[in-house]
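Consider the two complexes below, in which chain A is the common component and chain B and chain C are the respective partners.
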Partner chain A sequence: MSFYNLSSTSSGDLAAIAQITRDAGVNLDDCYQCGKCSAGCPLSDEMDLYPRKVIRMLQLGQVSAVLKSRAPWVCATCMTCTARCPQQIDIDSLMLSVRHAAKRAGLRPVREADIFDDLFMAGVRRYGKSNEALLAARFNLSSGHLFQDVLNAPKMAKRGMIGPSLHKVKDRAAMRRLFGRALRTTEGEKGDGI
Partner chain B sequence: MSRIGVFICHCGSNIGATVDVPKVVEAARTLPHVVYADDNKYTCSDPGQQSIRDAIEEHDLDRIVIASCSPRMHELTFRKMLHQTRINPYLLEIANIREQCSWVHKDIEAGTAKAIDLVRMAAAKIDRDTPLYTTTIPVNKRALVIGGGIAGMQAALDIADAGYPVTLVEKEPSLGGKMVMLDKTFPTMDCSACICTPKMAEVGTHPRIEVRTCAEVEKVAGYVGNFEVTIREAPKHVDYELCTGCGLCESKCPTKITSEFDQGLGKRKAIYKPFAQAVPSKPTIDAAHCRKINEGKCGVCEKLCPTGAIRFDDEEKRSTETYGAIIVAIGYQLIDWADLYGEYGGRVASPNVITGLQFERLVNASGPTEGHIQRPSDGTEPKSVVIVKCVGSRDPHKGKAYCSRACCMYGAKHAHQYLDKVPDGRCYVFYMDVRTPGKGYDEFYMNTQRDGAVYLRGRVSKIYEQGGKLVCLGEDTLAGATVQVEADLVVLETAMVPADDADRLGSMLGVTRDKDLWLSEAHPKLRPVETNSGGVYLAGTCQGPKDIPDTVAQASAAAMKVCILFSKDELESNAMIAGSDVGLCNGCGACVAICPYQAVTLEEVTRRENSVMVTRTVSNVNPGLCQGCGACTVACKPGAMDLKGFSDEQIMREVEALCL
Partner chain C sequence: MRYAYFPGCSAASTGISFTLSASYVAKRIGLELVEMPDWCCCGTSAALVTSRDLAHALPARSLALAEQAGLDLDVVTPCAGCFSSLKRTVHYARQSDKNRHRLEEIIELPYAATADVMSLLEVMARPEAMEPLAAAITKSLNGLRVASYYGCALVRPQEVTCFDDPEDPQSMDSLMELAGAEPVRWAFKTECCGASHQISEPHGARRLIARVFENAAANGAEAIAVACPLCMLNLDMREAGINESRAVPFDIPVFYFTELLGLAMGGSARRLGIDRHFWPTGKAVRKALAPPPEPSPDNHSTSELPQEVTVA
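Entry: the complex of A and B
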């Protein structure tokens, strides 16, 4: 089992936790560790730390362990946890804030999730819509999983889910303005690398 | 010209350490009309009070300012002291230089300056104080108890045993409330009905208690000692003078309806007693379901009744009577979990997801299953039971933020009862924290674990049906693992919430409600059964969630307060009440609308104005009802309404003393 020396929590750790909770708009002291979030999470099986434990570790000041955790990157932000939390803690926002903090610290415990996010957002920023084929192709190239999902392509093409032409919105400049404004409101946050 | 004396208190070091008291005395001596100023180590002590009395004689003072602690602390003490002098007790002002000065400041210079300001304001105000006098109001020595559960019954019995007549109003057809629905009571496991029904019988036969069932309080007017209460009794359709309670009508009635008493798990007839030991032990007809009343057919009960007691044309009755005191004991209800918890099945949940109160009926020997624990869906014995605590409690998101206090214990009781009746069964209890303060409570909880109940620390996230089982998902946070239990029966220990009537009754009686609509006591520690409305007291769970021992203790305490009130023939009224200047009042009625105690009314007066007789509508304050809150004085646009002791002129004098 793990051993935490609680006296070794540095002021830098506390500042990092303060920024994570501020970004997420969450008060860690609200959580009384009932575990309703973990029990309802569809992805908890894939997580090395349950959502409840992510909060517990942050309550204990163990931010470095949280930043190395796969859990926030596995989180699909389906919001089941937030909807059921008796204390109305915005757990999915907390997971995203942890991801931002990890990236700031140069960590990305689930490399593929980070690559996928960046490519997805870049695509939406450029075209205003997600183009599945392009996204899959770029993901496979960037991640090195060259043949992932390739066998699905003919079936998807047959059903018209992917095609040769790109989906675009009409006013792409508006899309860029939208992204610009969103980035400015988060004060130059480079979080998702958009 | 007034002659003011100012007395500054050190309160040991409480004030003296942060306020330079001699300096305040010096400053006080320079204030207008102040003829004497002095300080004292402890002004409230006997020597302190004596020095004030001496100064009054020596310097011919006619009003005094005491700069000390909050008036809530010692204003009454000093008023009593003034009773022994020739000064009217209301020619006293307290400058609060402790709670509002020395205790909240650290800087001596700033603290001293503020203390001087406070004294200057008090001296400016007292210059405009007038003598006030109390009047006496008669006390009507009859008590009204609203609610016939264990709290109301205990309070009624105590008052009646002390010799005063009591009317007990219960909205259901029988006394007993929630307690009589319970099977056993923790931690001693004595049968609830065995200890509750003797009380019901005692109340029913007590010569000084009048029980009115199917009745509700419709209107309350008047004030402490003299409440005018209108009680509405719904038609029972049975003449209780003639009925012998033989039960023939009930056994032959062809209409079967879901039983409220059995929490929807059993059936009752249209003419019915809610349960066998009901008091009064006579049936009532449920008009909404009676075939004779609705369709004109049937009438079996009327044909069979040996005494001819059935009255299909019975009508509701209203009566208005006078009471001196009112005890509110309307109890609680359980939160409607189905609307809040879709993840537990919500409105379409399995019938095998039941509440704790339903479990009580299921395990009770006189319940719908004669005490055999059976699944409501198919009548089989559940081999695994999940008990979920804190459903609606400690959940500000969906339910209530508070802890319902009794659920940890009755949850443990349910686990114990289940394992006792189904020894080969398995029982899992999901909990947040186990809270068992009380005599023998924690021992009971530990024994439940020894019985075999598995306690899992976590909140159930989802309950769904699969293959005839109820799958419960939760985390056991102690193991750090998500867990799944396939249960045959799930018992939700749901939150206690105020009765539906609490808000209506509270506003009728002038009793404040807290954010969750529990009726508020006057002080959470020192006046736990009194309310802010004189003569109205609280007993039991209408004040907040509590268990039976606490409920009974509180009921007896409320009864004692009523007896204290009734021990006097007359009451002294509050002198610091509102009064309206007839000459200024324009009869707009803003004061009537804003008064929380229904103390202000509009009335017509005929008076001479500019040598002409005119009749005008003006406001009138009932001195018995007015609690001196001052809301009307703020609402009054022409400035006719003034609070005695806090008149607009006095307040302006204070403001001027501070600001000019």
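Entry: the complex of A and C
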């Protein structure tokens, strides 16, 4: 049983929660805490807060604990929670919005997930296509997990699954412009739906 | 049958066997795939966790370039991840003109969102493909017990994917049945393989793969069929590693559904890319291709193997 000090919730916390739910297209009041999201989540045993509890804490205004949680970073966006929610709450989208808010606040509760996704996007920004071997190598160097999967590399090379050449788009400058504009667009002027 | 083709980044690398087997099957059934001009990475979940605008803009650029080139065709992609990203973008763009204009501004291209997006599995499970498939299938897969594994991205969320049942999909099972395999009824058809978490968070994610194999084994599967290059890599490449900590190892080869269709059409294991797998496929392929038993009462000569098949 956990206890939360509800009197510590500030209007700033409530504003932060309002932005998260607006970005996610979710109404927290729809959730009556049945727990189906957490029961079906394949990664819940890796989460410090089950999806149900993420929603409950946001309902209670406890945004700072949620922003520090590993849960949205452990989420694999498999969308099982969203598919099964009897209230049609887009929990998957809520997890994404919490992660976006945490990142904006300079938090990264699961370092490896942050490194992997940033490196993935850096590669796409540069080449326009994802080059899996380069991504895996850069991930190992940046994360410090130097020898992860290295024994698979020669096997993959032998099977023609990885090679020395890089896949690229022709118009690489267009990719850089696209990334610049997509990441510059500010919060609060989102389109309709998600 | 003519479609614009979005290969995805894995098509020429980790998903090479999907490309080989899909193009073999496509050619045999008259499915024409026209590669989209200068397509870029769909962004997959890495773009989604970075920014929603980015996750919509990356597919929108490829789709808009196809429109600009006058490629007035619906889009097909073999990869479940690409399918999810592209389909989500079309859904978003069609929700309102405001959304569409927002994307046009980011990608600096007009984008009308006229083309629909489908996965290769969906296209092949349509009646107009099932008919030529049935005609091209010359060998029965001998009742090989195949567990069709759909994963997440093809079936969820259903209001976006508009494809099959999110809990108990049937399209791949139907194709396997058409090829003479016996579809396995099992509970993990749409469970998650862990996707890129197998790299970024292997400690927690490995057990997701183990559970898929465990449920397939518990239901007597002799093979698993997949429709996603990342599901394939996670299952096939990591089966040996998972077995290291198991008293009773799994022994279930993993195939792209197109590889099994190709085998049933008489394609060789090498041509279909089956010789590039990590986990040995020989036993399943031999069973699938064994000549049917003679209808004589004295029947004990069914173990002879076709000589032209060489497998890992």
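Keep this in mind: the second predicted complex is superposed on the first by the 167 of 194 C-alpha atoms of A that agree within 3 Å, B and C clash if a C-alpha of one lies under 4 Å from a C-alpha of the other, contacts with A are read in each partner's own complex, and residues count from 1 in each chain.
Keep this in mind: contacts are C-beta pairs under 8 Å (C-beta built on N, C-alpha and C of every residue); 3 or more make two chains touch, one makes a residue touch a chain.
Predicted model only: the values in this text are computed from it and were never measured.
When chain B and chain C are set side by side, the one touching more residues of chain A is C.
Once the two complexes are laid over each other on the shared chain, residue contacts for A:52 go to chain B alone; chain C is not touched.
Shared-chain residue A:169: touches chain C; no touch with chain B. Of the two partner chains placed around the shared chain by superposition, neither chain B nor chain C is touched by A:65. Looking at the shared chain after the overlay, A:153 reaches neither chain B nor chain C.
By the touch criterion defined above, A:87 lies against chain B but remains apart from chain C after alignment on the C-alpha atoms of chain A. Using the contact criterion defined above for the overlaid structures, shared-chain residue A:28 touches neither chain B nor chain C, since it reaches no partner. In the superposed model, A:128 makes contact with chain C only, not with chain B. Legend: residue contacts after superposition of the two complexes on their common chain; A:36 is shown touching chain B, with no touch to chain C.
Residue overlap on chain A between its contacts with chain B in one complex and with chain C in the other: absent. Taken together, the chain C residues at the contact with chain A in this complex read 9-10, 12-14, 16, 38-41, 43-54, 57-58, 61, 92, 95-96, 98-99, 102, 105-108, 152, 156-158, 166-167, 190-192, 194-197, 199-202, 204-205, 208, 211, 237, 276, 278.
Chain contact summary for the complex, chain A toward chain C: residues 23, 42-43, 45-46, 74, 76-80, 82-83, 90, 92, 96, 99-100, 110, 112-113, 115-118, 120-121, 124, 128-133, 136, 139, 148-149, 152, 155-156, 159-163, 167, 169-171, 174-175, 177-179, 181-183, 185, 190-194.
Those residues of chain A that touch chain B in the shared complex are 32-40, 44, 50, 52-53, 84-88. On the side of chain B, the complex with chain A involves touching residues 343, 390, 394-399, 432-433, 457-462, 473-477, 480, 482-483.
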